[in-house]
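For reference, chains read A, B, C, D and E in written order, and residue numbers begin at 1 within each chain.
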């Protein structure tokens, strides 16, 4: 009896509620990932005057489901010479990093899985876990291409986190909080109050508008680098490194990488939405504002940025690894510092 | 008899549930075939043309993968030389099951124009790896590639997973006894 | 500069090493030289003012039955004139000096001629097979070549 | 410094230009032809699957000789003069050769079109058909001859009989000729069955 | 504070472990089945050893066994992207041996077809170059246009890729009646797309950064390696067989030879080689327009020939300007209807041999681009 009581005590009070709250982002993540895969296929096709998948369901909308069904059936290969524990662990770590970020993402004012005070910081911290997974996967595969891809990825993600963090930090300065909910609330009242236009305030905020605009752009660029998307997809650059760090992965493990990539895309798009583009707020002030609309606006804006990422991918060539560093350290970083400096000054004066 | 007991039985006895389940699995494999980004010779140019906008191979749910680990089928598009044959065999072995092979063009089918005096040409890729569909032509039209793809999809759809498992077991038994 | 003038000038310089000028209009005329003098003649052809053949178009090996031949097609970007140099070597000792040091493009051409015909180019820095696998036997473009039955357990004939 | 700013601006601006172009294409009319449902027009002279009209073929084997890859195999039988069928080729001329074997191996064919240009009766031609991919290579070996096996045996027998007769006649003639001290009889020995080149 | 100490580093002595990487034969951007053995110092390439022969299809052996007309299908399969251009030097050589002059109309059709094929080939070259740099979309725009060109080829010859269209003494078939209009429509379309690609890819800052100052090939090295075509012209050498040694009827047309000028980097870098191809497409358009205007409507397309083509004994070397460069055929005839030997000077074969020379010291990602800028077709490298 005692043991049962002990186990029972271990289970928190609102066990079911916790499970539900944890599951909602997971379901959202899976549905979104399927949609994003389809979106990627379709948008790339339309840009290239093609049609994309057409023969799986009407207009090919069942394509991602077929892919999942296929990937489940694929043989799960582990190379003989690979370091098996690390090799098998890597995709889970990457997926975990992506999924954990959803813990603080405020979908609506009534659905924030975990409303912690250091939300922005948490997202950045958890987002960096992915790089550990990439290195693990790349190194454990015992493949030279994977190793090269992993090495490039580390250098890239570390250097692009700094300008990205600078951009986010200036938002924290403007909102005087790291709490994502508070940041959202600070942008209420229409498109003009979003942080991309300097946030709420009187006309003297015009001084900071150019800087916030640049910072939002800087964050968009560094988020591309963090998610390994073109023009920064050198860790998996197909024409050089075959498939980069996931060269040796097959079946569901590869699907994990695949999902995590799209999940990360959503996370960075969500952060961009929250910090600069008003989060759940409607662009028309109180019009179309409310708990239901919150989800609509938030997901809608995030999807828009996901689409922008896809659009960029099918437009641009990719950078070389040293140019990537150049852009990161010599272009984005100085610009973000300058902008941050001015925004801080502005806050001090106000 | 539970459903699980029926798993090892042939499809005919499996009834509707297993049949539908198998259909869904087959549907997934047939509709989402990723191919190895791999070209050998002349047919590879038509292969590229087939991927381009006018013919758009991606309509069939195919995505090019650069690594054999993630590929479901390989298109041998061109002449297989003896020097290359060992590599192709290796590539085939690196691919994860279930995997398929389409041999495209005369050269891959049987050496094509080079079958007579080609001292350095492998006369047919089916000498080293199993081939599921043969597409004739030199080079085939892009539509012919797609015709081969449709035939492959048809073949996958009619595959019997559970029956195959049973058959494989029988085969292994025979092997063991022999 | 026509091929006759080139021939006469070479004949002056090298004497016996230049064997003859084969003329066959409207087809190409060629100068036949001794294999031992190939390097020197080619060097002169490249560097001597008036010749300045700075462009090696093609280097081919030929199987003439009894003998093997190496044919050099030269071109001058400056003067826009052409020359065909031929050298004939016996099949049992097919040695020709390499001209790889004169024209870098000869590197792969010589390896190809070695691979397919079996002419051995002396002083070539890396005379290995180029088209056939490194463990291939025989020189396929010789007239008496017989294709192997098996290569690495793969059947070769149809 | 100016160079630096210029480069950054150029980098930004050219990306915008590129994105504008791709955005414009996003809404353009798509060029894809959805193959099994719609078809791309194929000109009538397209060189796809070969087709032989056996009623037109007169067995001249010029296609077999011109074929660079030797994928055509033709065997012919001489038509006996007193054949009861009085065979005709579709264009009206008298048939001199039966074609019991006319095989094309499409696994070897290089679709160069040389055979169609040398054919005197236009019996062999390229069609626009290209959908004949198969699950086994043997299906690509196509036999075009319209003669049934029984008919082939019958014609062969006929020919053999005829040849025997001819031989006898020739032997007779030769004997007579020998009697008349004329030339040698070696010529008569050659087999009159037209054998085609072995493809290997 | 003490005296400042100058630290001198001898970079040549700092050495980390070198990594030997095997690129190919199956690799997305080796343009087929080329295998490169690359030695890397970090990301820097220290040595490149190309291993070729993975597509060695014994063309020269086959040519010895075939009659002269039968060789043409095999020549198509050599450089399978530019079949029309491949056939031209061969048929010109045999015609010269036989002493035939082909009809006027044939010459014009040949020129138009060659130039169209040149455009198609350059489109593939630029497209795959973009693909190597990571831009996938221009690739498909080029392939969309190429499809229109192939439609013309198919209407004329019946095949889409390997035509067997130029025959000794003429053509295999006459062109279709709407040929001229179709060709002019294509010229228009090609110009439109090229304009678009210039904005989308060629003058994109990222693309310029990737390709400018990468893989510099000086002119004297290019000549010593016997490079030809856009590779040679990219190094600033104004040499084009169509102008310098006009064959066929190229002396009747007015066109320029674009050369690399180092607009965004150094003369002879990858960007220059690429831009030469883009500009040559425009020049080809000009030639096509002039040729269409001058082309006679009536006329025979096949010269009378003996039934068996038996050129006199002797040898001939004929070359013509392929899109890839200078393609030569060395034909030795022994007086029978089969050639004694046909040696092809593969343009890509020669151009590829310069790769180890120009790719040392660049990064691994650059190596892929340098290879792409040389524009090789493995069918011609290995034959």
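FYI, a contact is a pair of C-beta atoms (placed from the backbone, for glycine too) under 8 Å apart; a residue touches a chain by one contact, two chains touch by 3 or more.
Note that the coordinates shown come from a computational prediction; the quantities given were computed from them, not determined experimentally.
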| item | value |
| --- | --- |
| Contact-graph distance - origin subunit B, target subunit C | 1 |
| Mutual neighbours - chains that touch subunit D and subunit E alike | A, B |
| Most central chain, judged by mean C-alpha position against the global CA mean | E |
| Between subunit D and subunit C, distance of the C-alpha-averaged centres to the nearest whole Å | 41 |
| Subunit A-subunit B separation of Cα centroids, rounded to whole Å | 36 |
| Separation of subunit A from subunit E, taking each centre as the mean of its C-alpha atoms, in whole Å | 44 |
| Centre-to-centre distance between subunit E and subunit C (centres being mean Cα positions), rounded to whole Å | 25 |
| Where subunit A touches two or more other chains, by residue | 47-51, 54, 238, 242, 314-316 |
| Residues within subunit C bordering two or more other chains | 131-133, 140, 158 |
| Numbers and ranges of subunit E residues touching at least 2 other chains | 27-28, 53, 56, 58, 61, 73-74, 137, 140-141, 144, 162, 200-201, 204, 206, 209, 382 |
| Pairs of chains, among all present, that meet the touch criterion | A-B, A-D, A-E, B-C, B-D, B-E, C-E, D-E |
| Sites on subunit B touched by subunit D in the complex | 53-56, 59, 106, 109-113, 115-116, 124, 126, 131-138, 140-141, 143-144, 146-148, 150-151, 155 |
| Parts of subunit B lying in touch with subunit C, wherever the complex brings them together | 82-83, 85-86, 110-111, 115-116, 119-120, 122-123, 127-128 |
| Subunit D - residues contacting subunit E, complex | 7, 10-11, 13-15, 17-18, 21-22, 25, 31, 42-43, 45-47, 66, 68, 110-114, 117, 126 |
| Interfacial residue positions of subunit B with respect to subunit A in the complex | 24-25, 27-29, 31-33, 37, 53, 56, 58-61, 63, 65-67, 69-70, 72, 94, 96-98 |
| Subunit A residues within the subunit D interface of the complex | 43, 46-51, 54, 311-312, 314-316, 331 |
